[in-house]
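Once you scroll down, you'll see the structures, which are given as structure tokens.
The following pair of complexes shares a single chain, chain A, combined with chain B in the former and chain C in the latter.
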Partner chain A sequence: MPRLEQLAELTGHEDRVWCATWHPTKPILATCSGDKTVRIWQATNAQDPSKWQCTNVLEGGHKRTIRSVAWSPDGRQLATGSFDATTGIWERDEDENGDYECVATLEGHENETKSIAWSNSGALLATCSRDKSVWIWEVEEDNDFECLSVLQEHTQDVKMVAWHPTEELLASASYDDTIKIWKDDDDDWYCSDTLQGHESTVWAIDFAPSGDQIVSASADQTLKIWKRFPPGNPLGIVTPRRGEPVWKCVATVAGQHERCIYSVSWSKAHGLIASAGADNTIRLFEAIDARPEAPGVLVEIVAVAEAKEAHGTSDINSVAWYPSETHGDWLASGGDDGSVRIWRLVQ
Partner chain B sequence: MAFSGALTLSDLNDFISPSQACIKPVEVSKTAETQGAIKVDNSGSYYEVSQDGSETKLETATISLNDCLACSGCITSAESVLVTLQSQEELYSILKQNKIAIETNDPSTHRTVVVSISPQTRASFAAKYQQTPLQVARKLTWFFKSLGVHSVFDTSFSRDLALLETGREFVERYRKAIAKGVLKPPNMNGSAASSSEAAAAAASGDMEVDTPKPRKRIIRRGAAATNDEPAVAVETESAMPMLASACPGWICYAEKTHGYMLPYISETKSPQQIMGSMVKNHFGSQLGLNPDQIYHVCVMPCYDKKLEASRSDFYSDLYKTRDVDCVITSTEVEKMFGEQGQTDMSVFGELDLDLGYNSVIKDPNTGADQVLVGASGNASGGFLEYVMQYGAREIFGIDGLDVDKAIGVEVKTVRNSDFREVTLEVPGSGEVLLKFAAAYGFRNIQNLVRKVKTGKSPYHFVEVMACPSGCINGGGQLKPPGDNFAAVPLKDWIAQVDGQYRNGVLARKPEENPVLEQLYREWLGGVDTPKAREQLRTGYHAVEQNLVNPLAVKW
Partner chain C sequence: MTTLINQNPIIYEASAGHSTREWREEDDDENSADAIDAQEIFDLIRSISDPEHPLSLEQLNVTQRDHIQVSDENNSILVEFTPTIPHCSMATLIGLCIRVRLLRCLPSRFKVDISVRKGTHQSEHAVNKQLNDKERVAAALENSHLLEVVNQCLATAT
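Showing the complex of A and B:
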């Protein structure tokens, strides 16, 4: 029976931990918190993953809670999205033990920034905010960022943005219960599809490793899997907008979580989905593609493991799988108790 | 978001109340006194009873439209409150009142109605109803006069004045900027610094003699991206780049969100407001009327122009009247057609355009009595074009430029179709003399604001417009015929309307407008007089960032 085993509990943040994110290539974790700082954690001993130390504290860059943090795909920069409506870009000094310095501040959002995400090429950065807009920035040389587009089609607070693993395709999740898919058409970005089905705020989204599916987590206590159907697809799903693929909900996970689900992560290493939220439990699921003996079912979701009271009686705000197979069984989580925990999936 | 690039009327009903997000009630100035009690009397009036027993009647709390305009709380619904107070309904009620005034022979309640139509509105009707702009102008003249309107004018006329003033303001600023070292003078002929020093000295020398001391507005620029940079005071009179001021969407946004940009904005009024000043203060006096005896309506391509007309800077305390009383949009005029039972524009009558503030001349080609003329330049007013040509001539003595046809200047589309750069170089050496840009739409304004804030803007002048594609695509412009928007893709429709903008309009430089010289002389007493500054220039006011009403915050 697979289970989640806690490897370490990392303390140090003085307020709730909002987001935990792994470095793209090294066993380094960045976490951000209501205490307005980002902490960088590293395993002290590569052989013993139960010992971690906090190697850097990034402070002074934001005036309010840092709500989300993301590494650039080359691992050289960190972006922080804060309730003070700005996004900070941090870089560290050349030598490995240098300090991180805030090299740029992106302004423009009217109020709290909720989420930021780098595209897989590292050329674009997306930010979203309570002001209902999604901004797309282009990274230029000399740490200058140019605003490419301001997308204002959500009707409420936008909670999260996530990029497709390989294409320049963006998804955003909102308090308006929808997920929107954004694409670029030469001159400007536009909304190519709106995914409706959740009955409450969509808090988090993540793409499947292939990029053809999205998992979404909602305050309606369900997870949904959405699959992309291009025009002319073999199943005959209608694609109403000329040339645009359409995304359809192919599975719903209901009755598992007992409260809002705040975070979801789809492992790029082994394809398991981790979700967590207000019911204090981390749950793992597997999405199994269509099998001949179950006709009409495109994707089946099977519960794999769960860790109750993962952060005691505190809400869990973020879960993140290690991004590659090196430590594909590691999962990081951050919660309202101010702690960061590292878990390992034991088969 | 605050930005109302394409502000449209929707979700309006007769029950107008402040939005839940209205924060005005939260802004209570705290008094030092201890609390008293509140008493309500039989008539429903509220009294505050203070500790010693005395009662003071409390004023009914009201949220006026000006409060809404100056606030950054719930913007959208407040602006919709504001725009409904200016609509064709207002115009109808004034016209009705006039009829009654005439019948009862009571001139004190009569207001002479003047309507000024924008060329973008003309183009919009021309595209939708398959007419030429001249036909549209003649038919709208007929339509409005049949309702009782006294005169119908064209804001292309006041735009000539706006362009000329903007050009002059730019040259003044440029010279001051060079004199103060804000700008480095360009190397005109490859020789050493001595020539540019001489040019700078000559420039500053000129300025002392010609112009009276301009208003100095010093606003502290906030800390830039890296927290170390000290705040620098920016003075309007030499602030570079100069940003165009004709778009009220841009102005309101800058006032609410980017107060540090205000010193850079040109102080010249927009064509709408210059027309307002002319109609109330010059035309009125010619007819022997006071400003409050005239009712001035402007027909515009967008709703933000309604906000502009309501600004307190354009209100006369003396006569208790605004320079522009009412702004209606192209779509509202179309509604008027229906309300008057005249839906088919092709069978409208036609009238000659009123002389005075119209841009019409006798057609030199056909001999016809009237042909439309106007400044060349794109459908957002042609500010970039004109200031480039004017600046090149006045500062560097370079003539014969044509921005439209890219003659003498390099025109480049940067990033996207709504951001263009126009550069004037020294022929041969490639040294940049003037570098201008046009930034339309929110994302480009963001980039511009960021560059100016961090001091990295390479431009001398930027034409800023809130709507993508500019005024031709304003929020109040007519939609394409037929109900289905998908029938005509938006880009194609915009191109069609844009094509009508200069259809049959002969190009005429503002300096060639014979009436302007007369206006400067008779009305303003000269080109740089205090009256000229009063009538043709304005100011901007940053809006304080207000605290958020916690009850209205939606997490």
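Showing the complex of A and C:
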């Protein structure tokens, strides 16, 4: 049976760790915390993932908790979303001492910024907030960011935003129990679908490697898999909006997590789903087509492995698979105990 | 003068002294594990002040020992409280005070759920959802004005 083996425990944050994010190409991890800092961690030797060091501490950019952190696709910039309502953009000064400095601050949200995400091309940045809105920013030259659109269709806090892995298509998850899909029609952003089915706050979402499925994690203690069906799909699934695909729930994972699920990560390297939350457990699942003759219509979720008390008795707020095959078996987690842990999937 | 939401609450008699616990045989045995129980949780929260009356949550019957469930073994606590009136706009603040009090006093291993007692508030679902959203709680505790109000209510907690 596959299992998760803990490789390293990284300590240094002085408050709960909210989010852990891998650099897109290097064995570097960024984590953020209630201690208002971001820490950058690097494996001292890529061959020995049990030894890590904190290479940078990003301080002073935010006055309140840093809720989320995201690398730009080229790995040159970091974005931070804070309870102080702003988004920070950080860059590493390669010439000087290798410190990160805050090169831009994006203002506009009325209160806590909860999540930020860069589009696949790096041309767009999305932010979301307790003010119920999602903002789309265009990344311009000289660290300039122009707000293209303010999307206000959620009726409650927006907890997370995630971009499709290849298309300019955004998903947002909310305290209003729904997920919304946003698209661009000649710089005019609109909501193309609303995914209803969760019975409480949707805390996290992630796209499948193909981009045709989304996994969502909720306070209702379930995970759901949603699949996109284009107009004229061979299965005859009705697409109510002219020309628009429709997203349908094809699987629900219930009875696995015993409390709120805060984070979910769909591995782009091997397709396993990792989830974690307030029940102190990291769980791994595989999504298998239950009807191979009709791919994706009915998905069966198989529990693959678990790590109980992965952060002792603390909530786990974040799990993240390493984004590429180089170290595809690595998983990072962050918890209320203030620690960051690196795990390896052992087959 | 501001109008009170509940101008004339019913006042109940509070149990005297620090603890309402009855003496148990194992209390004299220093080797017995001291498990946390409903009585202990009640003792932590009963003397919190109501945000709008100079009275304790126990005096207003907002908290009762029988409405607290504790599983020391499973590290879980459920505190149900009863707003004095069904449209009490202070319900989330009272719940937040209870949460902060327990956050400060209990070992971090405990998962605490706080909710208004079923059928005692017209926005029961919304209040419960907010009180148990850790992100909202964390953000609220970084709001210095709100924290000051919470600290005032907790100043009387013994």
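Definition applied: the second predicted complex is superposed on the first by the 335 of 347 C-alpha atoms of A that agree within 3 Å, B and C clash if a C-alpha of one lies under 4 Å from a C-alpha of the other, contacts with A are read in each partner's own complex, and residues count from 1 in each chain.
Here, a contact is a pair of C-beta atoms (placed from the backbone, for glycine too) under 8 Å apart; a residue touches a chain by one contact, two chains touch by 3 or more.
Quick caveat: nothing in here was measured; it's all calculated off a predicted structure.
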{"item": "Which of chain B and chain C A:152 touches, first, second, both or neither", "value": "first"}
{"item": "Touching partner for A:175 - first (chain B), second (chain C), both, neither", "value": "both"}
{"item": "First (chain B), second (chain C), both or neither touched by A:105", "value": "first"}
{"item": "Touched partner set for A:132, first chain B, second chain C, both or neither", "value": "first"}
{"item": "First, second, both or neither for A:93, with chain B first and chain C second", "value": "neither"}
{"item": "Touched partner set for A:114, first chain B, second chain C, both or neither", "value": "second"}
{"item": "Touching partner for A:187 - first (chain B), second (chain C), both, neither", "value": "first"}
{"item": "Chain B versus chain C as contact partner of A:314, first or second or both or neither", "value": "second"}
{"item": "Overlap of chain C and chain B interfaces on chain A (superposed complexes)", "value": "111, 130, 157, 175"}
{"item": "Touching residues (chain side chain A, partner chain C) in the complex", "value": "16, 34, 64-65, 67, 83, 111-112, 114, 130, 157, 159, 175, 200-201, 219, 259-260, 278, 312-315, 336-337"}
{"item": "Parts of chain C lying in touch with chain A, wherever the complex brings them together", "value": "75, 108-109, 111, 129, 132-136, 138-139, 142"}
{"item": "Of chain B, residues touching chain A in the complex", "value": "1-2, 225-226, 257, 415-417, 442-443, 446-447, 450, 456, 548, 554-555"}
{"item": "Chain A residues touching chain B - in the complex, by the definition given at the top", "value": "102, 104-105, 107-108, 110-111, 130-133, 144, 146-150, 152, 156-157, 175, 187-188"}
